[in-house]
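Here chain A shows up in two complexes: once beside chain B, once beside chain C.
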Partner chain A sequence: MAGKIAAIALNTFKEAVRNRVLYVLLFFSVVIMLGAWVASTLSIDDETKIVRDLGAGAINFIALLIAVFVGIGLVYNDLDKKTIYTIISKPISRWHFLVGKYLGLLLTIAVNVLFMTWIFCAVLYLRGYLAGDVMYEALYFVDDEGYLNYRGVFAHLFYLVWSAVKALVFGLLHVVMFGMEGVLGIPGAAATQGLFMTSVLTILEMAIITAFAVLFSSFSSPTLSAFMTVIVFIIGRLNQELYLFADTMVQRAGGMEALGGGQVVAYYFSVVAAHLSPNLAVFNQRRELAEFQDIQLGVMDISYGIAYTAMILTIAAIVFNRRNFK
Partner chain B sequence: MSRLLEGKRGLRDALLGVLVLVLLAGAVLYQNRRFEDLGFRVFIYEQRINLPPSDVLRFATLGYDSVYANWLWLVSIQAFGSGWRTEDGTAGPIFNFFDTLTDVDPQFISAYRFGNLVVGDQRGDYELGRDLLRKGTLENVRNYDLPYLGIYNALWMANEEADARWFAIMLRRMEHAPNFMLRLEEFIERTAGRYEMAFEYNVRYWMDYHLAGNDVERDLIEGRIQVLLDQWYKQELTASAERYLEAHGEHPTEMEDLLTEEFMPAFEAPTFQSFRAAMDRRTQQFAGMPARREIPQEIVDEVIEDSTETIVGLPPCPWGTWYFIHEPTRIAYPERRDLFDDSKGFPYLTTAQGLMDIVNRHNMNAQEFILDFYREHERRPTQEEIAHLLTRDPVGGHYVYQREAEESPTFGVFYSTGQRRLADGADPRMGVRGPDPHRFLPDGLRLAPRLSDFPEEEQWGREHGYILDDGTELWEPGVTDPDLEMLLPPEDDEMPQEMPAPPPAP
Partner chain C sequence: MAPVIEINGLSKVYVRDVIGFENGRLRVRLKDRRTVALKPLDLTVEEGEIFGLLGPNGAGKTTAIKILMGLHFPTSGDARIMGRPLEDNSVKAKIGFLPENPFFYDYLKGEEFLDYYGQLYGMDKASRRRRIPELLETVGLSHAAQLPLRGYSKGMLQRAGLAQALLNDPKVVFLDEPQSGLDPFGRKEVRDLILSLREQGKTVFFSSHILQDAEMICDRVAILHQGERIAVGALSEMLSAKVKEYEVGFSDVPKEIVEKTKKGAARFVERPNEYLAVFDKEDEARAAVRAILDANGMLESFIARKETLEEYFIREIEGKREAERAALANGGKS
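Up next, the complex of A and B:
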């Protein structure tokens, strides 16, 4: 069973990486990260906060776009091109197919998120190496008479290239060492603190969004799937705000009894929606990342993400099993 | 064209085309007229700084709230650059902008600081700036910059002790805040004239640092206690001088005038000597206590009780010198009150220690003069060349230049005999206290130091024109009005010495 699912997942991954949309999104992510660096220079304080915040936000947003725009066509394309017949005619369950598709897409998202994390770490390292005082020390020396001398244009170019190479290598180390490259004593490693954990949280968040995309893709058109997935994302992001909204409405009215007819409906809708929708705020610790605070990844958070995803995939499998392909 | 008009169909199309052009021209003309009616609109930045309610923004940002807050932050900087123009010229819209920004990202410390800078400092609306800092303090319980800035503004911008105290209480909860910030509570109480409370704080600080083995901070607190007691005593002495002024219609000329029960009733206050003795007695008690233990209130109360005395007459100077009335300041004070800060009491009430700043300043000027002279002439100045600096000092002595001394040209060759006498403990008035007459002083010796107190000084004074034949003493030869610039005690530094500059604006 695992082999079948893995085969479908791998195939889905190969299919996804051939998708040009993916590369366009990745290109834009790199542009946004470099843009974050530029934007941070406009600030008169907290430059590091801004660059980390914008960069991590870009990773999250691009991952969301991948989840939505690649996820919605995941099942639909097979149905549309009739390739599903060749698959389900083999000794493979429909839910194997669905879960395989899901895992393939999740793998695609994870690889892309880690790729973006690598690039962003490189940006952060490079930003450190090109900081005024660091570069100043590298490019100037004091001669015997006590004068400052510039080491020259070639030295400057070499420094830039060497810094970029170092940044890329150390950025890669951040990813492969699960964000622990600081233990090697790499200069400037503090700038990337917490980034890997934030990316893991993004992957967990996207696991839920992708599950919804797969669910909607299993019974509706890509446009409708995209619309519904985005709605779920919005409600999930506003989950806590919805609950607070309902709570505040009751407090302002002075109790449940004082609520009008429309308000009662709004109250129950908000409360039910807040409880049923995924709480994506659990996976949003980018503010903590920007402030260099500890990123908390609790067992309960991980379990919640996995359980919620399993639930949605189960529903998707039930719907998909009942679906008539004719 | 000819083909277009060919036949009925072509003609019809041509007519329709013309109709379209006519309608379009009419529409363009009408729109152009509407545009002209719009007139000139003044660009007001407020249109951009008026943000939707933060509840709406938090919904709209979909979890990318801190990213949006960063954007608003960058906008605020640009707006600052363009002068933050608002329609009514008030700080209200700017405050709302930062209020909304910090609602979206409550951990944006720089936004609170910058907002306070713009609203409080630039626009002068202290209360709105304070509100921003309060919000930031409540939202960021681990950040000590904001309450510190709040105290700074409250004390030095608005003179609002209640606000300062609120921020200080918030600061107290932050154990990782630097020591000098945590000690601001004492400074607030001292500034407000609540010396008992300030003393209690200092006693606790002293014991805390002693237990922690932090001798540097402990000694700093000792210095703070000396300053505190000096301010306390001066407050009492000022009250005595006010009574005297009321009774006689003029200021007292000598400290001895005040030392009667009528003007200077006994009062309860700690003395530095008793405090030191109380602490020395407790050294054994402290030895057994863990370094991090909070000092029990009973011990603090005991120390305060042991340190407190009934002070009758002249209070004891915390630095071991003595209190007296500084004559040049007394002469100048009624005429030149603009030079003095009345809130600190009568400035002529001082101690010999309090005048050391004047002596040190003069010594420094002399050393700089000698150094410059040496650079220019490669020799030390003669007595004649430095004669303008060889004046009398404010503590009953005079300045001496030892040209032939073996030390370097900039050190040790210039000094004050009065200061040296104090340093050696050779002045019989050192530590004098209690009710007048001070019978233990040599005959004729008064509290205010004079050249005629010591034979060698008197001789110098007569030789250099400071003492006239009839015994009158002058502060400058041939000049009845003293040189205020040289003789006035420097104003007390408003800031505690360890208080750094305010946090820089972002």
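Up next, the complex of A and C:
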């Protein structure tokens, strides 16, 4: 059983990796990260704070787009193009297929988030090297007499390439050492503090969102599935605010009895939506990241993510088990 | 011996959603939501048979196969394959299935595709390595093993589909319209492959609307029309008793014999010194043959033309339609 689920998961990963949309999204993420660098130079606030905030935001956003656009297509295409006929007729259960697809998708997202984290760490290292090093400032393209200083240009280019290589290597160290590369005494490592943990939180958040994407795409069209998945993401992010909204409304009115007709509807809508939706606020610690505070990831948060995912996948499996494939 | 496939009263009624998209438009449908795709169907298929499920488009053939493959759930009735219910995964390990116009992951290379499906069958690496090149050879795709399926022609995809259906060396093979979209050569290859499967002792259950092909290879057939089984049996039983007409071809006879034969025949075709007479009755034909031989004429051919499956098929379905029209007319009067 596990072998068959793994086969489906790996094939799903292969499918996603051979999908051009993925590369467009990754390219887009690199553009945002470099854009963040440029934007930070225009800011009067702490530059590093802005780069870190924007970069982590880009990783989170692109991960969401992968979950929604690549993820939904993966299940829907199998149904639409009837590939599923030859898969379900093999000695596997329908839920094996669904869980395999889910795990393949999650693997895709995890690999891509870690890839983006690597690139982003490299950007941060490079930014540090180019901004702070005296060598860089001292190199001039033209000499005192106004002639182009070729030696200067080559030295400049060499320094740039060398810095980029160093940045890429140290960025990779950040990912493979689970964000602990600072212990090696690498210069500039402080800038990447907490990024790995933030990315792990993003992967956990996407584990829940992907489960919803699989659930929706197991019974509805891709457009509707994408729409509903994004709605779940938004409500999930606003989860705590919905409780707050409901409480504030009651307090202002002076008790439940004092609420008007429309307010009662709004109250129950918020409370029910907050209860049903996943609490994604737990996984969003970008403010802490920007402020260089510790990123918290408790056992309870991980358990919550796993339990919620299992619940959504179970519902998806029940829906999927009962349907006729057209 | 127990039959390999037993189908007992299997039926399927599709019920459309009240609110749904039809032709890209949102539509609320309160009436006519039910479509009967398959009326209660009973069939048994014995081991080692080539069984054809025949019928025009929309007859319910694919629905029946989809239910057998666990892709659709029956509205009523049940079926067993090799004595086990359809939900049993151990049954799926012993069957192969090729759907109509199959589509596979087109980003996979031929070999990768079969390797993936082999894993779904639970085959270990060593047996996959041994079986895949063997199968590619059987279906004539060895040269395309390293090409992505995206570059395959329709005929090649069909062959890749056959290969995946045979990966596990199945006991029963289900083929849904295996010849659709193939050219005459492709059709012949599929026919030969089905015959070779029978030689290996496998049972083949296939659906088709190409009757000539079915006639050439099937041991038994069932004919479906509008979801209903209208005939089932061995082809020899269905068609043998029905000699349709007798053809007598002859030449080199005196004119009066030609005239006499022409008078008695239902149809007569005349070419310079070559004649073809068609008789409805056997004794008339025999008498004509005797007359030709007595006159020292040359008897070129004497054929009892049996009904083809196609003619049988059209007659049965026409009869059915006639009966429906009559019932409708009677209903209208009362």
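Criterion: the second predicted complex is superposed on the first by the 305 of 326 C-alpha atoms of A that agree within 3 Å, B and C clash if a C-alpha of one lies under 4 Å from a C-alpha of the other, contacts with A are read in each partner's own complex, and residues count from 1 in each chain.
Heads up, the rule we're going with is that contacts are C-beta pairs under 8 Å (C-beta built on N, C-alpha and C of every residue); 3 or more make two chains touch, one makes a residue touch a chain.
Small disclaimer: the values here were computed from a predicted structure and weren't measured.
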Judging by the criteria at the top, classify the pair chain B and chain C on chain A as clash or fit. fit
Have a look at where A:Arg18 lands relative to chain B and chain C in the superposition and call it first, second, both or neither. second
So, does A:Asn149 touch the first partner chain B, the second partner chain C, both, or neither? neither
Regarding the shared-chain residue A:Thr41, is it in contact with chain B (first), chain C (second), both, or neither? neither
Please indicate which partner A:Ser303 is in contact with in the superposed arrangement: first for chain B, second for chain C, both, or neither. neither
Vertex at chain A, arms to chain B and chain C: angle between C-alpha centres to the nearest 10°? 170
Check whether A:Lys49 is in contact with chain B, with chain C, with both or with neither, and answer first, second, both or neither. first
Of the two partner chains, chain B (first) and chain C (second), which one does A:Tyr85 touch, if any: first, second, both, or neither? second
Tell me which partner A:Ala7 touches in the superposition: chain B (first), chain C (second), both or neither. second
Once the two structures sit on chain A together, report how near the CA atoms of chain B get to those of chain C, whole Å. 30
Can you list the residues of chain A that touch chain B in one structure and chain C in the other? none
List of chain B residues in touch with chain A within their complex: 58-59, 62-67, 70, 73-74, 77, 105, 107-110, 113-114, 506
Which residues of chain A touch chain B in their complex? 39, 42-46, 49-50, 53-54, 57, 60-61, 233-234, 237-238, 241, 280-281, 284, 286-287, 290-291
Residue numbers of chain C touching chain A in their complex, please. 14, 21, 66, 69-73, 89-90, 92-93, 95, 97-99, 102-105, 107-108, 116-117, 119-122, 161, 164-165
Quick check on the complex: what are the chain A residues that touch chain C? 3-4, 7-8, 11, 14-15, 18, 81-93, 221, 322, 324-325
